[in-house]
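Just so it is clear, A, B, C, D, E and F label the chains in written order, and each chain counts residues from 1 on its own.
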Amino acid sequence: MEPLSEQTRQVLKTVSTATISTLLFKRGLRNTCVHGVRRMSAAKSNMVGEAFTLRNIPNREDLDQVSVFQNPDHPQRKAYDNVPAGHVLMIDCRGDTRAASGGGILTTRLKMRDAAGLVSDGCLRDSEEIGRMEMPVYCAGPAAPLNLSRHHAVDINVPIGCGGVAVYPGDIVVGDGDGVVIIPRHLAAEIAAEAVEMEKFEHYVMLEIERGQPVIGTYPPSEESRARYQEWANKNK
Amino acid sequence: MEPLSEQTRQVLKTVSTATISTLLFKRGLRNTCVHGVRRMSAAKSNMVGEAFTLRNIPNREDLDQVSVFQNPDHPQRKAYDNVPAGHVLMIDCRGDTRAASGGGILTTRLKMRDAAGLVSDGCLRDSEEIGRMEMPVYCAGPAAPLNLSRHHAVDINVPIGCGGVAVYPGDIVVGDGDGVVIIPRHLAAEIAAEAVEMEKFEHYVMLEIERGQPVIGTYPPSEESRARYQEWANKNK
Amino acid sequence: MEPLSEQTRQVLKTVSTATISTLLFKRGLRNTCVHGVRRMSAAKSNMVGEAFTLRNIPNREDLDQVSVFQNPDHPQRKAYDNVPAGHVLMIDCRGDTRAASGGGILTTRLKMRDAAGLVSDGCLRDSEEIGRMEMPVYCAGPAAPLNLSRHHAVDINVPIGCGGVAVYPGDIVVGDGDGVVIIPRHLAAEIAAEAVEMEKFEHYVMLEIERGQPVIGTYPPSEESRARYQEWANKNK
Amino acid sequence: MEPLSEQTRQVLKTVSTATISTLLFKRGLRNTCVHGVRRMSAAKSNMVGEAFTLRNIPNREDLDQVSVFQNPDHPQRKAYDNVPAGHVLMIDCRGDTRAASGGGILTTRLKMRDAAGLVSDGCLRDSEEIGRMEMPVYCAGPAAPLNLSRHHAVDINVPIGCGGVAVYPGDIVVGDGDGVVIIPRHLAAEIAAEAVEMEKFEHYVMLEIERGQPVIGTYPPSEESRARYQEWANKNK
Amino acid sequence: MEPLSEQTRQVLKTVSTATISTLLFKRGLRNTCVHGVRRMSAAKSNMVGEAFTLRNIPNREDLDQVSVFQNPDHPQRKAYDNVPAGHVLMIDCRGDTRAASGGGILTTRLKMRDAAGLVSDGCLRDSEEIGRMEMPVYCAGPAAPLNLSRHHAVDINVPIGCGGVAVYPGDIVVGDGDGVVIIPRHLAAEIAAEAVEMEKFEHYVMLEIERGQPVIGTYPPSEESRARYQEWANKNK
Amino acid sequence: MEPLSEQTRQVLKTVSTATISTLLFKRGLRNTCVHGVRRMSAAKSNMVGEAFTLRNIPNREDLDQVSVFQNPDHPQRKAYDNVPAGHVLMIDCRGDTRAASGGGILTTRLKMRDAAGLVSDGCLRDSEEIGRMEMPVYCAGPAAPLNLSRHHAVDINVPIGCGGVAVYPGDIVVGDGDGVVIIPRHLAAEIAAEAVEMEKFEHYVMLEIERGQPVIGTYPPSEESRARYQEWANKNK
C-alpha cells in the first residue's frame, strides 16, 4: 500500500466530514462516521491521516494489574510509541465509557511522534490538559479511571470497530467539528477530488440562500440554477 | 387559530423554561420538555415561536437516494422553505442520532425566512457554522451523515413526538439554556402572565438567599416572608 | 469520625482525580468514579469535601404536588439548608435525567453555607446561572422540569448510589475536569500523601516525553530511568 | 396501619394488573407498574401482598467480600429472614442486571415464611429451580453472579424505587402475567371494589366482540350498549 | 394498488423471514426486520398480510383522559375496527415499552375481522390471554399500563416507523419465530418466487451437513456441489 | 496447553454457573458471566468446553456482499468448519442484536463436529429449529437478518469480548439455565473441585431451609450449624 499522497492529504484538510460522508453515501457506504465521539482538544483544522489501530477487550482482574506496564511489549504502550508520523491512532474500547483509554502523557507522546491525531470510542483522562493541545483528539468524553479498570489491550493494527464503524489499518481518517469519518483507503483520492467540487458548489448555494433564494430549485439546482452556477464558477476559479 | 400575540411572545422571551415547566406542572402537565437536546448556536436570548413540524420515519435504501431531492415536493426541503416567520421548525427524528437532519445551508434558509428557531431530536451537520449563528438552534448534537442515511421525511405540520414530548402544530415553543419546553397553544397567554409574577418573586428569593436566609421559610415563603415580599414588590414595581 | 484534616484537604486540592483513581485501583477499588456527570460551573480549582447525601426515589403523582414544599421538613429543602461547611452535597437521582434536582436558588444557598460543592447524577435547572458560579457543581446536564416531576426526596445522609458508585456519608469527594472520584474516608490521608509523590513523578515523565523519550522505559520507568528521576527529584524538592 | 383485609386480598387475587393500572390512571397515577420485570416462577394465580422492601446501593470491593454474610445483621439475609407472612419482598437493585439479588435457597426461605412473593428489578440465580416454584417470583431475568459483585444491601423497609416506580412499605403489590402493579395502601380497598365491577363489564364486552360487535359503541359503551349491559348484568349476578 | 395475490400469500406462508431478509439484502435493503419484538401468541404458522398502520405520538396529560374513547373517531379504536381482512395491524409506539398499545378485547376484535395479525413495537396487556390465541401477535412484551399513559394515537394508514424499520401501508408483512420482516409491496411476488427456490436449496444443504459435509464448498456450493444439487433437485421436484 | 481433563469436564457438567461465579468472585474475579444472553436450544444438561473464538467488526457495504462466502477462507464459515470436538464456539458481535451471527445450518455443522456448544452476544436465525436442538446454544435472541447486514468476521481464535467479558481461546466455558460463565483455563481444575464441595453444602442448606431453619446461622453456617453439616456430610458421602 503506497502512502497517502501529500496532495490528497492537503485537499482533505480543506473539506468537511459532512461532504465526505455524502460522497461515500452516493457509493452505497451509509455507515462511515464514528458514532458517539466529539473533539476534546483545541484543534483548529481538520484531522487527516491513515488509521493505526489498537484493540481492547474487557479487562480481567488477575491479568490487568498495574504491573503489566512493566512489560515493554504491552500493546497499549507499544501502540502509542509506534504510531507513524501522519497517522491517526484509532482505539477500539467497545464504546465503554467507564475508563480512560489514554491521558495527557500518552497523548503528548503522539504529538512528539508527529501523529495526525487520536480517536477513541472510550474516554480519556487529563481532559483539561488535552483540551489545550492543538493536535486533534476525539473521544467519548473525559473519565478519570485507569484503562486497566475496564480495558485490556490485545492487538495493534488489526481491523477494529470504533464507534460502530469498521476501521481497517490504512483507511483514511478525517475529523472536523462534526466528528470523524472513515474513508476506505482506495477511495481517498477520488473522494478528495469530488469533495472540492462539491464544496465549491455548496459555497455558491450558500450565497444564493443568503440573498433570499429558496432551497427548492437551488439545492439541488434546477437546470436554470445550474447554468447560473456554471457562470459563477467560471468567474470564480 | 389566531396568531400568538406579540405581547405574549415578548413576555415569553423574558422568562425561563424552568419557570414555564413548573407552571405547566401545576396544571398536571409533567412531560413538557424536549429530552436529549441542547443549544448548538450562539443564541443570546430565548427562542419563542409557534411549532411548525416535520416528521421523519426510518429510511429505506431504495427510496432514499440522493436523487430524491430533485423532487420539488420533497418534505424536508419543503419544510425548510415554508416555515412561516416567527415559527420554530420542530423535527421528529425518533431520537436517532446517527445522521444529520439539517445543516448550514438549510439552517441559513430558516434565518432568511425570519423563523424563530430550529429544534431536532436528531443531529445537525456543519455544527461549527451553526455554532456561530444567533438564531436559536437545538439538537441532540453534531453528526456528519446525510439525513437520507437514516431518515425519510414524510409529513409537514402534523402532530409529532420530539424528544419524548408531544408537539402539535401551533403549540408555543420556548427555549433557553436549560433546553426547550412546549406550551399547549391555548395556555400560552396565561402561562406568560403567571411566569412574570413567579420570576419576580424568585428574584426576591435570590436576594434573600444571598443575604443568608435559609431555603425553608423563604422558598416557598412562610406567611411572614410573604408579607415581606409584598412590601418589597410594592416598592419594586 | 474526626473531620477531614485541613492538610489532607489542601493536598487533595492539588492532585487529579486520575491520580486518585489509579491509587484506589492499586488497592483493589475499581469502581470509584461517578459515571455520567460533568462540571457545569466555572470552578477553577478542585472540589474537595466530605459527602453529605440526599436520596430520591421515583415520584408519585398524588404525593409530589408543589404544596409539599410548604412542609419545613421536606428532605430536599432540608438537605440544601443543612449541608455543613466544607461538605459536598451528593444527590442520588438514579441517573434519571428527565428532571432537575436543584437550580440557581438552591445552589446559591449551598454557596452561602460554604459548602464545598454539589454532585447530582440527575440534572439541574438554571444552568446558565450555575455556569457562572465558582463553586464546583457537577451533574448529568441541564434540564428544566421541576424535581417533583420525577423525584421524591426521602432521606438525608444515608449511603447512596450516585452515578453507579457507592457513596457513604463522610467519604471524601474530589472533583476536577475529568469528573468526580469518591475516596473511602479512612483512605483519604494515605491517598493524598501518595498522590503528591505520584504527580511529582508524572510531571517528570511529561518533561521526558516532551524531550522525545518513548513511553516504554519511561512510564513506568526502567531502572535506569528511575535513577535519573531520583536525581531530578533530589534537585527539584 | 391496619393489615390488608382478607376480603380485599381475595378480591385482588381475581382481578388483573391491567384493570388495576387503569383505575389508578383514572386517579392521576400514571406510573404504577414495575418496568423491566417478568414472572420467573410457575405461579398459577395472582400475587397479592403488602410490600416489604430491601434497598441496595452499588457494591464496593473492600466492603463486599463473602465474609460479610457472617454478620447476623447483614441486611440482605435479614430481609429474607424477616418478611412477614402475606408480604411481598420488593428489592431495589437500581435496575442493574449484572448480578443476582437472590437465588434458590433464599427464595425457598420466603416460601417457608409464607411470603406472598418476590419482586426484584435486578436478576436472580438458580432460575430453573425458581422456575418450578409456585410462589410468584418476578425479576429482570436470570444471572449467575453473586449479589456482592454489584450490590450492597443497606436498608430494610424504607421507601424504594423498583423498576422506576415508588414503593412504600405497606403498599399493596399485585402481580399477574402482565407484570407487577403497586397500589398505594389507602386506595387498595376502593380499587379492589371497582376492579370487580370493571372486569365484569369487560367480560361482557368480550362476549359482544366475540359475536362480531365493533369496538366503537361497545368499548366504551354507547348509551344503548350500556343499557344492554345492565340487562345482562342483572341476569348474571 | 391491486391486492396481494392469493398465490404469493400462500407461498410466503411457507418461507422463513431469514430467507426473505437475505433476498432483500441482495437487493440492497439491509434494514427490513422489525427490531425488538417477539411473538406473544400461540401462532403455529407464518403471519402474512398487507400492512395497515396506526401511529402514536407521546401522550399529553390533559388530552389523554379515559373519556377520549367516547369519541367514535378515536384513532386507536377506529384502527382496530377497520383493519381489512388479511391485513396486519402495524402500530408505531416509538419503541416505548412502558404502556400497552392494545389488549385482549382489541386483539379479539382483529381476529373477528379476519385480520392476518398484529405487530406493535410497544407492549400489549392481557398477555396470557393473547398467549393462547392462534392469530399471530408480535410485540415488545407484556405491560399492564393503559395506552393513554404513554401513547396518543394520531393517524391511521400513514407511513410509520416500527422497530426501526419503515412501514408503508400496503407493504407485505411476514412473521415467523425469528420475528417480522417488511417486504416493499412491489417486490413481494418476486421475493416469494425466489424464496421457494432458496429454501429448497437450503433443505438440500442441511441434508449434506447432516451427513457430515463441511460448510465450505457446500454453502454456498462449489461447482461440483452445485451439480450434485441439480441432480438431487431434478429427482425431488 | 494440555487439553481439559475429562474428569474436570465431567465435574463441571454437574455444578452450576452460580457456584462457579461465586468461587471466581472469591479469587477477585467479579466480571466472569456473559451478559445479555439466554439459552435458545433445548439442552438438558450443562454446556462445558474450551473456548474457540470468532471475532466480528461492523460490516462495510462494499466488502460485505453475499459473494464473500465464495471465499473458502471466509472467517465465519471457517470458524464453524474448524471448531474442535468438545469446544464451544464463542462469537463476538459487540452486543449488536440487529443481525444473525448464525442459523440452523451452521449450528447443525457444529453438532456434526461434536462441538460442546455455541455462545454469541449477537442473535441467531432459524430460532425455532435451534430451539429443538439438544446441543447447548446461547445468544441474545432470535433475529432474521443475514450476518453481513451488521457483522464482518475478521479473526479466529484470538482473545475477544463476549457479553462484556474477556474470553481467551482455551478458557473453560460453562453454561446452564442462569447463563454462561468463563473460567480462566488454569483455574478450571481447582474451581471444579471446590464447586462440588460447595454444592454439597448448599444441598444440605436447602434441606435445612425446607425444614424451617432461618438463613442467618445456616447460610453461611454458624459454628454449631457447621458441626451439624459435618455430621450430615459424613453420613452422606
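Everything that follows uses one rule, which is that contacts are C-beta pairs under 8 Å (C-beta built on N, C-alpha and C of every residue); 3 or more make two chains touch, one makes a residue touch a chain.
These numbers were taken from a predicted model, which means no experiment stands behind them.
Summarising the inter-chain layout, the chain whose CA centre lies farthest from the centre of chain E is C.
Shared numbers divided by all numbers used gives the overlap of an interface; between chain D and chain E this overlap falls below half, so the copies present different residues. As a whole-number value, the distance joining the C-alpha centres of chain A and chain B reads 32 Å. Inter-chain centre distance (chain C to chain E, centres taken as mean C-alpha positions): 49 Å.
Chain D has its Cα centroid 37 Å from the Cα centroid of chain C. Taken residue by residue, chain C touches two or more other chains at 28, 30-31, 61, 164, whereas all remaining positions touch fewer. Taken together, the touching pairs give a contact graph of some other shape, not a line, ring, star or complete one.
Pairwise, the chains that touch each other are A-B, A-C, A-F, B-C, B-E, C-D, D-E, D-F, E-F.
Put simply, chain A touches chain C in their complex at residues 61, 66, 69-70, 72, 74, 77-78, 80-81, 97-98, 100, 103-106, 108-109, 112, 125-128, 131, 141-146, 148-149. Interface residues of chain B, counted against chain C in their complex, comprise 16-18, 20-22, 25-26, 30-33, 35, 38, 164, 176-179, 181, 202, 205-206, 209-210, 212, 214-217, 219-220.
Remark: chain F residues 27-31, 57-63, 94, 152, 154-155, 158-161, 164-167, 184 touch chain A in the complex.
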